[in-house]
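Across the two complexes that follow, chain A remains constant while its partner is chain B and subsequently chain C.
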Partner chain A sequence: MKNRSNILSHSFFALLVIAPFAAGIIYALLYSFGFIGELNQEFTLQHWKNVLQSAEIFKSFFFSIYIGITSLLISVSIAFLFVMKRKINSSGWMSYFFYLPLAIPAMVAAFFTFQFLSGAGFLSRIFFQLHISNGIDDFPDLVNDTFGIGIIITHVMLALPFFILLFRNYYQSEKLETLKELSLTLGSTSSQFNLKILIPVLLNKTFAPLALYFIFILGSYEIPLLLGQQSPQMISVLVNRKLSRYNLLDIPQGYVIAILYTLLVMLLLYFFIKSKDKSHVQQA
Partner chain B sequence: MFSKLNWVSRFVRVVIFSLPILLLLLLSFSLQWRFPDVLPDTFSLGNWKALLQNQNGMMVSFEISIFISIIVAFTSTALGFIMSRMIAFHSKKNLLIAFAYLPFVLSPVIFASVLNFYFISADLSGNIFGVMLAQLFITLPFALLLFVDYWDLKLKSLEDLVSTLGGNSQQSLFKVIIPISKNLLLLCFFQTFLISWFEYGLTSVIGVGKIQTLTVKVFQFISEANPYYAAVSSCLLILPPLFLLFINKKYLFNTLK
Partner chain C sequence: MTWSNILSTAKGTTVNLMMWTGDAFINKYMNDFVVPQLKSKYNIDLKISAGQGNQIVSLVMNEKQAGKQNQMDMCWINGETFYQLRQIDGLYGPFTDQLPNSKHIDFKNQFINTDFQQPINGMECPWGNVQLCVIYDSLKVPSPPKNLTELAQWVKINPEKFTIGIDFTGLTVLKSWMISIAGGTDSLKGNFNEEKYQKYSKQLWSYINNTKQYWWKEGKTFPNAVAPMHQMFANGELYFTMSNNDGDVDNKVLQGFFPESSRSYVYDGGTIQNSHYMGILKNAENVAGAMVVCNFLISKEAQFEKMKTNVWGDGTVLDVTTLDGDWQQKFATLAARKYGPQRSQIQSKALPEIAAEYMIRLNDDFRKFVIEK
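Coming up: the complex of A and B.
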């Protein structure tokens, strides 16, 4: 019975976890090297050359990495401030409000940001009534802008409660309050405790979820789709645009970008799993 | 004085964290909200009535989303629980875990794009079963990763004890292991439900716009420049997670260790 269940588990794992990923990558590779596809006739490296020489694609990768790092840095820094000031209640009705943004899907969060920060948005209306701005055109571009401000703000809005709760959990489990009292008794200042104990301990303990969150932001789709601009686009938006265009010459390039993105994620995942193993060894 | 300041600071934080929901509610109850008005011209139940009368297919989208999410969550929780046992005691556990991470962390829209050919070939594109299968490809790895560390020597000893006392594998699973694991099973069910419920990219690629889940509907309303219906659909999208938050906060916040 157990053997049968084991064989079934192996088969399902191969069929539902490994096969889809492998099949997708094989198809993308074959398409990108010209073996399959409408306009492809024989093996070619042309699509890879086109992509690797394209400034648009490099810009897209750098833009995605920039959005990922900036969103993460801002949300982690604010979450640290919350934990340092201990402005969160672990229980009681107040704590429910910290969870609220976790209930918002990316699509809705992007829609909210657009309604709140666009030229005709809620903030612009308040600025107009307060005579700070003269109307829609006078309000700064905070969505669909060059620096991805709207995208970053939305990611921070979604990530912030997650990091606050994550850090708070580790603050309690690592007994940092006791450590703080001890360090203050031994003559250190609050800022010394924060810089030399609190931040290093929390960063070390939460490195794995932070890395995972960075990978998620890198591949985010709905938020840059609604709040991004035509160029540069984040990787997911660019790949989907290339693959769903009527220009058949764009399709192999879309698959090349998808493979490059997958390689980048696999590399990040390798470091993530390594760091996880290291922290398991440390705990043991 | 301090207590007053404390209350003001609390109020400000409450407003900031609930601002998205407040603005969406405001939009959903308005028929016209022109610039530079800070509040809508008129408040009305019209958009919500349209929802109940299934104008623009919002109610159907809600039902499709519920159906897809429940099936996907149930299947991935059940399969994930059984399959994670195999991974937990496998000699190549770390390698299998790495494989499980890949589909879960890849961008769903890119994953769907490279798989689209197979779905079209198998006639699963634009089909509700195709969308459910595609979603299972990302929710199942999540369930596996959630359960894999749960299987430890203590649980294995319990299985061995049932076996020593004359119980078979089925009895051990249904009468001992599942009852003591029900909290984690529930957590997994709700988390995979939410992954499926929030999913847009993969659903739009595999569903090719024919499977109109609520997220697809929100995007459609935004593209049609109808923020009022988009706000109503958004409120519907937020309802299940808010309900989960109300019954137990931990269903909404979980980190894979």
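Coming up: the complex of A and C.
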């Protein structure tokens, strides 16, 4: 009986999640090799060659990974600081301030950053009024900039409350407060406790959500669309450009990039799962 | 099918139109004038959904591949979309001859009968006619640069205050500049010419690359649409913006979006004048309804309303001399532009659109030779 319900739930999962995804990949593959598509004539490797020979795609992958790692590093580091200082009370009315950013759509957050940090934005105007800057030209480039500062700030803004709440919950469930008291009694310092116990325990426990959040940032679209530069562009923006710009012959290239991105994500997931299994074995 | 048959078939039906909905005035004209008029005159429900160029083409391509009828009956298009829809055989037609109001369309005008060097041949219905204009703030720029040489000098003295978008409007600027570099009006006339393209585009990229360090953000990035350019112009970050509609500056000042010191002009070398059109999709469910809508949109009432500066300010496609005396007078007495140039002043500087392949190549190569350089 249990076996039957297991089979049923697995089939349901396959039908609902895997089948549409697999169908999409197959469609993209067929399109990229010229088997289908309104303007495709016959089997060709040309679209793959064009993509793999262009520096644009590699720049885009590196830029996306850079944005993902930097955003994650900053938000995780700040979240750790909050948890270490134990300044967050995740209940009561103050908690709404931490839940609020979780409910903000990416596009709204990006727009907010643009209005706040652009040359003629709110911050620039305050700086001008306070005579810190001499005007728009004097204000640093924080949006549509080379280093993706606006994109990173927005991702950090959206991710930070999530990580604070996540770490805070594990801090409580893993009884880290008790462990801290114990370690202090045994003569360790706060810093030693943070470095040797708190950070490793929390990182180990939250590895999966951190990895998934990294993949989520990697594939983000609205934020880099509004706050990014024209080159390099993050993967999703690049794919959409290839799929929807004036040159219809670029469409198969969009599918090639989408396939490469999917492969990258699957590869990352594979390594994440593998390293997770390894750490479980070591713990056992 | 006779026109009365078309009218009776269309009666009581719904027509789905896909169009760009990025301008509040245009949306208001459609929702407050066109939609109710179609309902009261023809009992047609016009449903408008947002989408433009590439989205329309993608939708049609996907539906065609799936062997389905189009969700949309008609769409608002311009040259590059016309070219793409023709490439995939996505348009219904020819149909304009069947529209009674088409007898007033100025089909002799090359800016109306030819779209990106392609004769329209009844496959799309002209709706409006516009010319690219450069908008500037006359308080900040008392004497705007009139040609590329003056522009290069101006940006050196005023760094970070000029840029172009990488959208349709920006590409229209690039085309205007390339025609100017190539020697003027007829220099790139006719089909796409690889040799000419290579020669003149190289000069164009060289010009831009030599000056872009003085452009907005040192030419490292470019706005991806005209809306952010307008916004940056309104808040003073840019001293110039551009519009494909020569009546846009009046419209935007009236909206209170641009300062009253805003003016617009065209370069001495000219700017592109083109028309925008309504197309009916080949697998549309309601071809009759779409034809009635097109016919209404080119009626003198609808064209007159659309041309009012405080409504949209879009140029008419009608040959006003074919209308009766009262209507001729009405069109003649439409409020003159206060902030932008009169059409008669810039008509001599109107450049015809060049073949669609030029735009596709410029779009790709601008990225390759300027943005990624």
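Note that in this section the second predicted complex is superposed on the first by the 252 of 284 C-alpha atoms of A that agree within 3 Å, B and C clash if a C-alpha of one lies under 4 Å from a C-alpha of the other, contacts with A are read in each partner's own complex, and residues count from 1 in each chain.
Criterion: contacts are C-beta pairs under 8 Å (C-beta built on N, C-alpha and C of every residue); 3 or more make two chains touch, one makes a residue touch a chain.
Just so it is clear, the structure is predicted and the values come from calculations on it, not from any experiment.
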| item | value |
| --- | --- |
| First (chain B), second (chain C), both or neither touched by A:Glu56 | second |
| Touching partner for A:Asn144 - first (chain B), second (chain C), both, neither | second |
| Touched partner set for A:Arg245, first chain B, second chain C, both or neither | second |
| Which superposed partner A:Leu39 touches (first chain B, second chain C, both, neither) | second |
| Which superposed partner A:Ile136 touches (first chain B, second chain C, both, neither) | both |
| Chain B versus chain C as contact partner of A:Ala120, first or second or both or neither | both |
| Partner contacting more residues of chain A (chain B vs chain C) | B |
| Contacts of A:Gln230 with chain B and chain C, given as first, second, both or neither | second |
| Partner chain in contact with A:Leu166 - chain B first, chain C second, else both or neither | first |
| First (chain B), second (chain C), both or neither touched by A:Ala109 | first |
| Intersection of the chain A residues that touch chain B with those that touch chain C | 120, 136, 243 |
| Complex contact set, residues of chain B against chain A | 9-10, 13-14, 17-21, 23-24, 27, 35-38, 79, 82-83, 85-87, 94, 96-103, 105-111, 113-118, 136-137, 140-141, 144, 168-170, 197-198, 200-201, 205, 215, 218-219, 222, 227, 230-231, 234, 237-238, 241-242, 244-245, 249, 252-253, 255-257 |
| Footprint of chain A on chain C - complex, ascending | 53-55, 57-58, 61, 64-65, 80, 84, 87-88, 159-160, 166, 217, 220-222, 224, 232, 235-237, 359-360, 363-364, 367, 371-372 |
| Chain B partner contacts - residues on chain A that touch it in the complex | 1-2, 5-6, 8-10, 12-13, 16-18, 20-21, 23-25, 27-28, 87, 94-109, 111-112, 114-116, 120, 122, 124-126, 128-129, 135-136, 157, 161-162, 165-166, 208-209, 212, 215-216, 218-222, 226, 235-236, 239-240, 243, 254-255, 258, 261-262, 265-266, 269, 272-273, 277 |
| Residue numbers on chain A that touch chain C, as the complex places them | 36-39, 55-56, 118-120, 136-137, 141, 144-146, 225, 229-231, 243-248, 250 |
